[in-house]
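In the two complexes that follow, chain A is the common piece, with chain B as its partner first and chain C second.
Moving on, here comes the complex of A and B:
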């Protein structure tokens, strides 16, 4: 009994220490986080110069759509995690299914963004309207490029998973792609309150 | 051509990388008065005065940088050769892509300097002409970065698939390459913005992506030179093959 207890515990602590996926992908993720960190510092800096303008302009953003997109990305991250769990349990059919769900939510994010941008353009608001909208469009567009890139990565994973590539013995590629997708999610978790909520 | 001569040319070509970075900084950035670069928000008259005040340096900087930008060519060629070795017997698709991306990068960078050299050509032209040529040069280099991004992505993908005992690029360099390629995206906003950090004189559309580009380029150069040096170390001396033939 004690043997049975210690064995999984030590395995768990080992996996907790290990970076998921290709360890070097964390170099890219760290660099990306630093880059967006720089964007956020620039945003807060420029906001301090024109607080009233930023607060007033922020009111025209559609918070409901922002919340929906947040839920989309959070759910898709959960789907990717579940896909990895399925691969570890050798439930090979479930892996592409959860990845497809994650891809659909990624596409859903893009569709919502399309409607959000169209509404802004229809109201005569664009990139050049004022400093707030400079940042709003620039940061969300750069993030959107990451969502598109991440969705392409998920499609590659999905296609591999359909061929049965990922199983208990091989989750490395899946974890590498998933780590990138979680980063895209994380960036939005910062972006959403900064742009839509910060008063 | 014997192996030693070939390796010597490869080494010279790889060293064209650092040479490009140094000459780009001296001529394009410093003598061309692009550090700091003119703001897109500058009035046409102020912009013209900026040219007239530094006419000699700007002319020299851009005319020379149109020559030295071609150092990027042999560098891209040697990288294509190293990549095709990794691609092995398969179609050297990504090596081709990297090569063509490098070649087009030369033209994109070269044409930016070209437009500014034209602006400096007739000092008595109207301020609007100066403004138009300056706009054209900056949008030329800032909106057409995707050639370079593809060059970098191709190099990174081959690097990640490298199964050699001592790979050409460590894996972190491949991810650095992808990240630097991504860092160019804000530069697309220069097509619309005239002020702020995303204008072509801004931190996030100019200083940051250009730094990333040169950072990747310098890092890749180091590992390319190392690879050639490794091959030089094991290459047979020139004399020995002749001896064997005799």
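Moving on, here comes the complex of A and C:
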């Protein structure tokens, strides 16, 4: 594949407006955001009908695990941002390293979710327990599917980065995957307070 | 300036502090509807930082920047309104 001999994207973006990654990913991101936005509003709407039930059910969630998962996703997003920054500076060895950190944190999120679900199932709580848990399981499971998909994308990027594919002249694929991963982070930024904290 | 204080590393630091603040608000800070509104406001601020600095939409052309920022604003306002006024407005509605 020919290498583009253009100025680094970071130098160009100081003045020019620029959408990161493939424009197509932004249509997907917008569709996902609209869908989840409706889920979020539906959640507070159903909560308004049964405030006491939602407040009581929420107490059985482990807030500490929720916070840890929030820190995992925020830091994972930061690692991906830093990987892109490294590619733009042609620090090619740093790119796969930061992506590996991002992947590890994504897997950490899944492991914690596994423990959370196991504890709920062991306590006899499931998707059909009540309206709160309908939402809790449905929303976190749909989100988890996105975490898994996003982590697979990061693994592909990591593999490419190890081959030296991403550098100042080529960050497009990296930015496309990164934008999706930040969306997964953005969705959790709302899911966590809605499900675990809002009373 | 040390590298940690530059975007997007500074953004990460603010996001971590904001997460701790949310936890404080909920654990023993505020109570009732004030706490709920503060929790949603912090989520909105975090969302804005992710959109502008992590997704890099701060330097993106319109309509993308406005569309994604607009989504955040719309969702935040709807959540706040339904959270604050929903219980009284829907008081007579049958439970599911």
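Here, the second predicted complex is superposed on the first by the 183 of 199 C-alpha atoms of A that agree within 3 Å, B and C clash if a C-alpha of one lies under 4 Å from a C-alpha of the other, contacts with A are read in each partner's own complex, and residues count from 1 in each chain.
Keep in mind that, in the parts below, contacts are C-beta pairs under 8 Å (C-beta built on N, C-alpha and C of every residue); 3 or more make two chains touch, one makes a residue touch a chain.
Nothing here was measured: the structure is a model prediction, and the numbers come from that model.
Asks: Judging by the criteria at the top, classify the pair chain B and chain C on chain A as clash or fit.
Replies: fit
Asks: When the two structures are laid over each other on chain A, which of chain B and chain C touches more residues of chain A?
Replies: C
Asks: Just chain B (first), just chain C (second), both, or neither: which does A:48 touch?
Replies: In the superposition, A:48 contacts chain C only.
Asks: Where does A:39 make contact in the superposed view: on chain B (first), on chain C (second), on both, or on neither?
Replies: In the superposed model, A:39 contacts chain B only, not chain C.
Asks: Using the touch definition from the top, say if A:131 reaches chain B (first), chain C (second), both or neither.
Replies: In the superposition, A:131 touches chain B and chain C alike.
Asks: Which partner chains sit in contact with A:22 here, chain B, chain C, both or neither? Use first/second/both/neither.
Replies: first
Asks: If you stack the two complexes on chain A, which partner ends up touching A:142: first (chain B), second (chain C), both, or neither?
Replies: first
Asks: With the two structures laid over each other on chain A, which partner does A:74 touch: chain B (first), chain C (second), both, or neither?
Replies: A:74 contacts chain C only, not chain B.
Asks: For the overlay built on chain A, what is the smallest gap between any CA atom of chain B and any CA atom of chain C, in Å?
Replies: In the combined three-chain model, chain B comes within 7 Å of chain C at the C-alpha level.
Asks: Check chain A for residues that touch chain B in one structure and chain C in the other, and list them.
Replies: Looking at chain A, the two contact sets intersect at 46, 131.
Asks: Per the contact definition, I'd like the list of chain B residues that touch chain A in the complex.
Replies: Contact set of chain B toward chain A: 170-172, 174-176, 178-179, 182-183, 185-186, 189, 192-198, 203-204, 208.
Asks: Could you pull out which chain C residues touch chain A in their complex?
Replies: That would be residues 8-9, 11-12, 15-16, 19, 22-23, 25-26, 35-36, 39-40, 42-43, 46-47, 50-51, 53-57, 59-61, 64, 67-68, 71, 74-75, 78-79, 82-83, 86-87, 89-90, 93, 95-96 of chain C.
Asks: Which residues of chain A touch chain B in their complex?
Replies: 22, 24-25, 27-28, 31-32, 35, 38-39, 42, 46, 126-128, 131, 134-135, 137-138, 141-142, 145-146, 149
Asks: Help me check something: in the complex, which residues belonging to chain A touch chain C?
Replies: Spelled out, the residues of chain A in touch with chain C are 13, 17-20, 26, 29-30, 33-34, 37, 40-41, 44-51, 63, 67, 70-71, 74-75, 77-78, 80-82, 85, 131, 175, 179, 182-183, 185-186, 189-190, 193-194, 197-199.
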